[in-house]
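Two complexes are shown next, each including chain A; its partner changes from chain B in the first to chain C in the second.
Here is the complex of A and B:
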């Protein structure tokens, strides 16, 4: 899995590519935590290049989302497709996140 | 390493640790090919295997003590792919857990407990038994 963060407007777009499994999930969590530690308050995770996500991936995403929510920040997901969207759906997580078709849509909605 | 037993079931035995995950995934993909599991369902097999294994990695053996985990697969006469995960750790039935609450808001969502739920949802059946001093979790995929 590859994790890349890019500052865009007032948000950080975190692009994850590949597979978010039990081995890779901590890497995502660390990368996001580092942005939050730097004072960033808005994260948009671009998942359009993510092929696979297990419960350990969901766990890391939940940890980061909760941390942002607790501090009044904003957490959004963009570009969920295929198996990744299906895993979120099965876990009942689509309604609890801000989910956008594209990063652009998420940025436009930043308010 | 991987050897067919008398029931045509092939086994791979590795330490119950995260570093073994990739090799087990590769091993079970052979089973998917043998069963001609469609490519678009492969992620379900990989997900089920990961969730079952992560459970063993975390709970089978006491902290600081490692042990083996065995993964076996076979393609039955019906074309059904059957996968078994065995460990010699303390008795633990992962299917006995309460299903997670999927309706609560984000702040009250527990971060854990989703793995076995996902496994149940993506497989075509799963069963646990304790036999010969081993935890044995078996799931299958219809052709």
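Here is the complex of A and C:
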């Protein structure tokens, strides 16, 4: 899995591509935590290139979302589609997050 | 008035340690999977079992004649632990307890309720008991009752987590350990203060080990179960079920059941998987600190599941057992979503 973070407007867009499994999920968590430690309070995760997300991936996403929520920050998912979206839907996790079709839509909503 | 105050103080001393320990156990449970009303119900059942035991023991002592010492040392532990353990076992069997932590809390709560009534009873028969007597009953006997029933719950949950392991054998190891501890405590060559000190020294350590092991087991089950369920759902969605072991088994059932029933069996497998993923999703939410509000979609799926189970019938469900709801933990995760 590849994780890349870019600062755009007032948010950090974290792009994840490939498979977010037990090995890769901690890498995502560390990358996001590094941005949060730098004081960033708005995170958008671009998942349009994500092919697979296991329970460890979901756990990492939930942990980062909770950390941001607790500090009054904002966490959003963008480009969630295909089988990965289905995993979120069946697990009942979609209502937990702000979900946008594209990164642009999420940035536009950042206010 | 003074005697009432004195009795109240004695009773408080004899039950406060066990209830403080129970509160600590509930507080330390990071997933909070046992609802508060279930803990209160366990306490109430423990009170009921103690009342029942007063009557049973009165009869037991009368019938044991010259062997009263043996009835006290062996008969009482066996009867009390069996009656307390029966409820914990029922909780495990019906999916109300899924992991060792839940078994520990449910069992300890039951033991706490038991010791409350037992100490009220002893308050009437021990006249002029000193503060030390009540302190020893509180830190020794009451903690022993909580601890032994917790052990029954822990081991019942451990063995029931295996496929097809929710039967009576799941109760036996815990019950045997509980009876031995209770018996040794009653026959102990140690003086009561030393026995109480030993219980107080060992119990927190045992519970800490159980909590750590149970959380590890839950995390492992959550991770492996979630991914396996998702993989199976993906296979079904892609029409590849026929190539799997489950698909071949389902195919073999076509010889014994009508096509409509086999179609419902297929739907039940898919629905059970979806609900299993949903339950694990709820646990992931709780673990991260998010709320899990009731979802009408889950209610609809549970109603559909009930409908399918009725259509498939008892024989069909029995045939499906290797594929659906094989262990007590499978039932437990459905109960987590509100399935009765």
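As a convention for this text, the second predicted complex is superposed on the first by the 111 of 111 C-alpha atoms of A that agree within 3 Å, B and C clash if a C-alpha of one lies under 4 Å from a C-alpha of the other, contacts with A are read in each partner's own complex, and residues count from 1 in each chain.
Keep in mind that, in the parts below, a contact is a pair of C-beta atoms (placed from the backbone, for glycine too) under 8 Å apart; a residue touches a chain by one contact, two chains touch by 3 or more.
Quick caveat: nothing in here was measured; it's all calculated off a predicted structure.
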> Based on the superposition on chain A, does the combination of chain B and chain C result in a clash or a fit?
Replying inline: clash
> Among the partners chain B and chain C, which is in contact with a greater number of residues of chain A?
Replying inline: B
> First (chain B), second (chain C), both or neither: which does A:23 touch?
Replying inline: first
> Is A:58 contacted by the first partner chain B, the second partner chain C, both or neither?
Replying inline: both
>> With both complexes overlaid on chain A, does A:96 touch chain B (first), chain C (second), both or neither?
In response: both
> chain C: which of 75-83, 165-173 or 237-245 bumps into chain B?
Replying inline: 237-245
> Residues on chain A in contact with chain B in one complex and with chain C in the other?
Replying inline: 22, 54-56, 58-59, 62-63, 65-66, 70, 83, 87, 90-93, 96
> Given the complex with chain A, which residues does chain B contribute to the contact?
Replying inline: 18, 21-22, 43-44, 46-47, 50-51, 54, 57, 102-103, 105-107, 109, 111-112, 114-115, 117-118, 121-122
>> Going by the contact rule set out above, which residues of chain A touch chain B in the complex?
In response: 21-23, 51-52, 54-56, 58-59, 62-63, 65-66, 69-70, 83, 87, 90-93, 96-97
> Within the complex, which stretch of chain A touches chain C?
Replying inline: 22, 54-56, 58-59, 62-63, 65-66, 70, 83, 86-87, 90-93, 96
>> Under the definition above, what is the set of chain C residues touching chain A in their complex?
In response: 222-223, 226-227, 230, 233-234, 237, 274, 277-278, 280-282, 284-285, 287-290, 292, 295, 297-298
